[in-house]
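Following this message is one structure expressed as structure tokens.
Letters A, B, C, D, E and F name the chains as they come in the text, with residue numbers starting at 1 for each one.
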Amino acid sequence: MKREAILLEALPYIKKFYNKIFVIKLGGSVIKNSKAKEAFIKDTVLLKYTGINPIVVHGGGTEISELMNRLGMKIEFKNGYRVTDKKTMEIVEMILVGKINKDIVLNLNLNGGKSIGLSGKDGNLFYSEKETKFGDIGSVGKIKKVNIDLINKILEDDYIPVVAPIGFDRNGVTYNINADIAASEIAKALKAEKLILMTDVDGVFKGKKLISSITVKEAYELIENGIVSGGMVPKLQCAISAIENSVKAVHIINANVEHSLLIEIFSDKGIGTIIKEEFE
Amino acid sequence: MKREAILLEALPYIKKFYNKIFVIKLGGSVIKNSKAKEAFIKDTVLLKYTGINPIVVHGGGTEISELMNRLGMKIEFKNGYRVTDKKTMEIVEMILVGKINKDIVLNLNLNGGKSIGLSGKDGNLFYSEKETKFGDIGSVGKIKKVNIDLINKILEDDYIPVVAPIGFDRNGVTYNINADIAASEIAKALKAEKLILMTDVDGVFKGKKLISSITVKEAYELIENGIVSGGMVPKLQCAISAIENSVKAVHIINANVEHSLLIEIFSDKGIGTIIKEEFE
Amino acid sequence: MKREAILLEALPYIKKFYNKIFVIKLGGSVIKNSKAKEAFIKDTVLLKYTGINPIVVHGGGTEISELMNRLGMKIEFKNGYRVTDKKTMEIVEMILVGKINKDIVLNLNLNGGKSIGLSGKDGNLFYSEKETKFGDIGSVGKIKKVNIDLINKILEDDYIPVVAPIGFDRNGVTYNINADIAASEIAKALKAEKLILMTDVDGVFKGKKLISSITVKEAYELIENGIVSGGMVPKLQCAISAIENSVKAVHIINANVEHSLLIEIFSDKGIGTIIKEEFE
Amino acid sequence: MKREAILLEALPYIKKFYNKIFVIKLGGSVIKNSKAKEAFIKDTVLLKYTGINPIVVHGGGTEISELMNRLGMKIEFKNGYRVTDKKTMEIVEMILVGKINKDIVLNLNLNGGKSIGLSGKDGNLFYSEKETKFGDIGSVGKIKKVNIDLINKILEDDYIPVVAPIGFDRNGVTYNINADIAASEIAKALKAEKLILMTDVDGVFKGKKLISSITVKEAYELIENGIVSGGMVPKLQCAISAIENSVKAVHIINANVEHSLLIEIFSDKGIGTIIKEEFE
Amino acid sequence: MKREAILLEALPYIKKFYNKIFVIKLGGSVIKNSKAKEAFIKDTVLLKYTGINPIVVHGGGTEISELMNRLGMKIEFKNGYRVTDKKTMEIVEMILVGKINKDIVLNLNLNGGKSIGLSGKDGNLFYSEKETKFGDIGSVGKIKKVNIDLINKILEDDYIPVVAPIGFDRNGVTYNINADIAASEIAKALKAEKLILMTDVDGVFKGKKLISSITVKEAYELIENGIVSGGMVPKLQCAISAIENSVKAVHIINANVEHSLLIEIFSDKGIGTIIKEEFE
Amino acid sequence: MKREAILLEALPYIKKFYNKIFVIKLGGSVIKNSKAKEAFIKDTVLLKYTGINPIVVHGGGTEISELMNRLGMKIEFKNGYRVTDKKTMEIVEMILVGKINKDIVLNLNLNGGKSIGLSGKDGNLFYSEKETKFGDIGSVGKIKKVNIDLINKILEDDYIPVVAPIGFDRNGVTYNINADIAASEIAKALKAEKLILMTDVDGVFKGKKLISSITVKEAYELIENGIVSGGMVPKLQCAISAIENSVKAVHIINANVEHSLLIEIFSDKGIGTIIKEEFE
């Protein structure tokens, strides 16, 4: 494809997305892949350059487990959630807020972005409560209210917010929040243009075939008919919830494919799976 | 070249040129080439989308001569300037302002731009006086002062100004202004980022070789040593004058190569000749 | 009448009309009367000085026919409209936009105003369609939508807009619009305080008697009872339509009476005919 | 003179004086002339309508003496200044601030103005000290500093300030200030366009001949040569001081000639005496 | 009580009352008590420092009677209202506006405040009509409309307005307004946070016992059951009317207790009587 | 002391400090004292209520050592600085940013403040370099440039910034910064009104006597003469540096005395030691 054709295809997106909010969830695994991380950092700064407002929400499971191992603590999961007692919660918060978050912030800054890291405690961002649907798994929380004041101010001042999925309640309890859900809740609260889930698979599959685009209705069917399963089910549920709450589109793409973010946004065909209310 | 590489190359220019002014001179001949004109219109609208402020200055010699022929008027040139008596001046103004200018405006509007056409009389844009360096060639004028108030307002309101090179003086005399010079004077008055001269050759040549980039010093030498000649000499003089008066770069490109404008701006190598104070 | 009495009568109008919009249609014939034109130019600049926002809409029939004669083109009218084939349309546009419009702009500027000329293509001002009520008379158009964004910006920036009655449609067709109607449509779209039709008669007559003021209801009756006829009928229809769409008053005055504009506006009795919804 | 000629003469002053400050001193005697007062009130409101910012400073000697007589107090003058002991000062303040000031305010308001009365104590307007050049004449004061903050705010909010010439010092002493001087000091502090002294004579006379205009230099000579004398001397001194401190023009006119204010401002010739640095 | 406890109690009120309006009525009697007046002036300036917007409304009965006595005028009261013929009205206005008002303004200014005095004529503050409920008692008036434009501007500019309770009507009649009522009407028009009536008793008493706080309902009962009587009845009626028209609280405190204003506002318990819709 | 006296003493400070910046350094030891911490949190929120802009900078040495002990890491100090290898740096950052910082933020929020936590990486706050004056002690850093953009925005938006003393350089190295120095550098960069060092002693002592106030000159002498020693020396040096760079006053107070912050700020005498350029 010729350069001018690629530009003619890409540039209209600049206008379409000008000043729009993209919430991008970066899975914990990609943070360990230095080439993918570097491409992600560069792409995010470029998005900002073109006038988009990216917000990064990150996970960090691998590193939490590593530190817990060093401290000889017991690691336990239940229904995909980390069982999080008070001691574990401290480790989760220190790794997410004190390590991974600041590492992303620093790298965005060093690559020409202007970034600030936030925990869900800053500016009362994630007012939460205990998640009890799988019984008592400790300080795992769900978000009751996203306080968007702070994030709006930060966006006005042209910073890229990087958010660690930590919640709190009025009694001062700290909560461990699932990063996909945190990203989805922010996207909903800000009526974001896009929620982009960057994960370690290429998108949603039907058998061995990657599905380029699905409607919300089709997404429900994929879940009900068991065509998707495992970790993709809660991701699709996040996507459905986002779109049903005024987010325009959700993308699921492979963070390990370098510059997948750029290609997904600035080409007509994209690279992963896009979920929308409906397509024209 | 892969899509992501082209994007990674192009997108940083979006930031670099954000809110910058580009004065683009469109030669009269390309207006008759409908494919090239269409590509030019599209490219200009895209520039606006990406946050650049394009200003178009146009010529129109061919159509002036056509109408003069229909009216049985005598056509005469001297040193490359049209000898312009009072009757001829009326024809020049009617064609430039009442035909070509509005045609460009209409096409920009129909392609998603928001454009407004200006003559040098509007808002006292081109306060001029008689050009006498080649003797008395009638109402040919040179610009004494560019009144940028109006153009600044129009840019603030996000319109694309399209300018016909017509001047006036305090006695109410109307002047015929060379379009390259008019473009250069606007670029200087607005301290534009770029002056782009879209003409019907590929750029500046040294023998048969296109020169990609030259400094002002080299441009002086090309003229002095007679390496460039004919119509390219006044173009280079416009370029030199622009750069010596705070315009950052001047480009000379071939308007007949479709999308030459886009390629010149959004790629590292460009397509025509770029003139700058100096290169890093 | 003593000076102080005239001032005491005139000055309250300054406050009453401060920052209000007056749309003034200047008939093509007065443009040829140099004394009347000069008085009109001075009065319009004075209106601007006193805080009123004048907008001038002009005709230009005489000069169009002259150029067509020079070019040996056939001139034809039908129901008062010029039959306008594509070639004629080009002449109409060149004369109105490239000659008369810029002549008024230049004269306003030279007399201390700050003026800008517009065609209905600039800023998508007059989105139009073919007028078919008298059969196919070519590119004669009627206005479907006045885009007031551009005119509002220009007024904010304290320019006097001078408008040539040229329309366009989405297919790029150019239209010839009646100047009275164009003025009335702008007045309606901007909810102007006044629409002033400057023509070559003293106002509306009942037999030999000039009528100083009439209500909309009386205007309907004058038309229905055949008391007015000829060119005054469409003028009264423009007036009625303006007032029924929130214009406060319409004036019909004689452009050939020097300073008729000033006297009409700044005296209690006026000089021509005023049409209003009703009078106190 | 014809109406249009008077308007063509008057209207350019509207622009010239738009948003300019006129400080108008109204002598105590005219306040007792009800026809003259009514004309003054109307003219002042009209000035405001046309965009001028009038500030009224008033005297009130006659009424002060009346109340003192009723109270059996002794009235004494020295060098044209009222000898003002503490008891007298209370009467002066009550009459100026509590009677005359509010009467003017009320009348301006009832005639369509938006007025507010001020004493020199309000907003620390007239910081003053004892006047000792004629020995000890009690609480007669001179102004050391005009605090223009309050008056500027009031003008921004489009009120007509009416000022009683009362001063104060840091020890809480109240002072009686000459109204001509108070008006001149305000005019100087605000760099007013005009200071207008409305008094009970037609202007400055040379023998029996009214002088229409004099320069500051001529004013000095009139005083030195004894051509003017009595109360006109301090008035001319106020005028000279005002012009030497950036006030553009001072007018001395007869308040008892109805609408003298309007005629003076809106005609080329004026009605009283105008003093300027120099005339073109 | 320890310093930190007093501060911990007082400081939260700073935030609670930040930028809120307090209308404070100062009775005429306290103006004669120099220690109490001095404390009142200091407290009012301190309120302004802490971010509260105080508005002072004052009486002045004693001094009015004194001047009337000096002039040998007859003094008469009816139902607590001064019978006010035209001559008396002049004295009332001169004392309130020309003496007491300016004395308070001057003292606030000398103590670091920034104050401006207003009569109800300034900016059409108190549009009034004759009070006839007790028969014809002359120019005693009641307020029909408070024009808050001027007071809002003055507050925006950070001045402390000091208001003399003088009214006017469209015929130019001046009215004598009860100061408690004037204060209450301003408080209602501005939806003030508090109306504070500073008088010469400690508050509302039930027998010999000071009542710290009462609801509007209880205030009605106190009046109906005759538990309060005399001058306290109209004060309670002012309080009730204020609260029923969106004023948050009314305080009745003793102006002769030095700094009663400060203690009432910045302590939990207060010092006088507080009236509210209801208490938590 | 009576309530009104305490208020009359405290309230003027409200005005004096309105909108001023106070940088408060909270030592790591007090964080473990829950009563003192609670009083500090309350006092800081109250400061914000009164219009002061507090910025908190915190330490955290004790908890860092605890985690290092749990991980079996070697703890070493040199000249009062923690020897900080790369592994230690990770622990320092996790504890300061991921634990202590968010604990203070959460407590400020739960007590009615609106707080946000920052590391020196956020918004490029602390651009740093290796500290080498005591040889190679690893990632101990000193601040080269404080980027105040972000902090200024946060203050404009009325948040209380809580800052963890972590630095970075252009190569992505993370640095451990002394908290006193970090606080001092922020105070200098923001031209703060006050720098308040809350520590575990009552202030500066001369023998057994607490010194209430000292000038910079005296502070130099105390150090040179060896009258102060140990940890107080670098604190005094921070104080001197702050005042020499336009901070108005530095306070050293005992964080363990409950509400020492409030007493120090809102009483004339204070409770600890104040250092200033000079005293009136």
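What we mean here is this: contacts are C-beta pairs under 8 Å (C-beta built on N, C-alpha and C of every residue); 3 or more make two chains touch, one makes a residue touch a chain.
Just so we're clear, the structure is a prediction, and the values are computed from it rather than from any experiment.
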item	value
Interchain contact steps from chain D to chain F (minimum; 1 if touching)	2
Same-site or different-site touching of chain D by its copy chain E, using the half cut	same
Chain pair showing more contacts of the two, A-F and E-F	A-F
Angle, in degrees to the nearest 5, of the Cα rotation that carries chain C onto chain D	180
Geometric centre distance via CA averages, chain F-chain E, whole Å	47
Interchain centroid distance [CA atoms averaged], chain B/chain D, Å	60
Approximate Å spacing (C-alpha centroids) for the pair chain B, chain C	35
Junction residues of chain E - those touching two or more other chains	none
Graph class of chain-chain contacts, one of line, ring, star, complete, other	ring
Chains listed in ring sequence, where chain B comes first and chain C follows it	B, C, D, E, F, A
Chain F partner contacts - residues on chain A that touch it in the complex	70-71, 90, 93-99, 102, 105-107, 109-110, 114-119, 121-124, 150, 153-154, 157, 159, 166, 168, 170, 172, 174
Touching residues on chain B, where the partner in the complex is chain A	1, 3-4, 6-8, 10-12, 14-15, 18, 42, 46, 49-51, 258-259, 262-263, 266-267
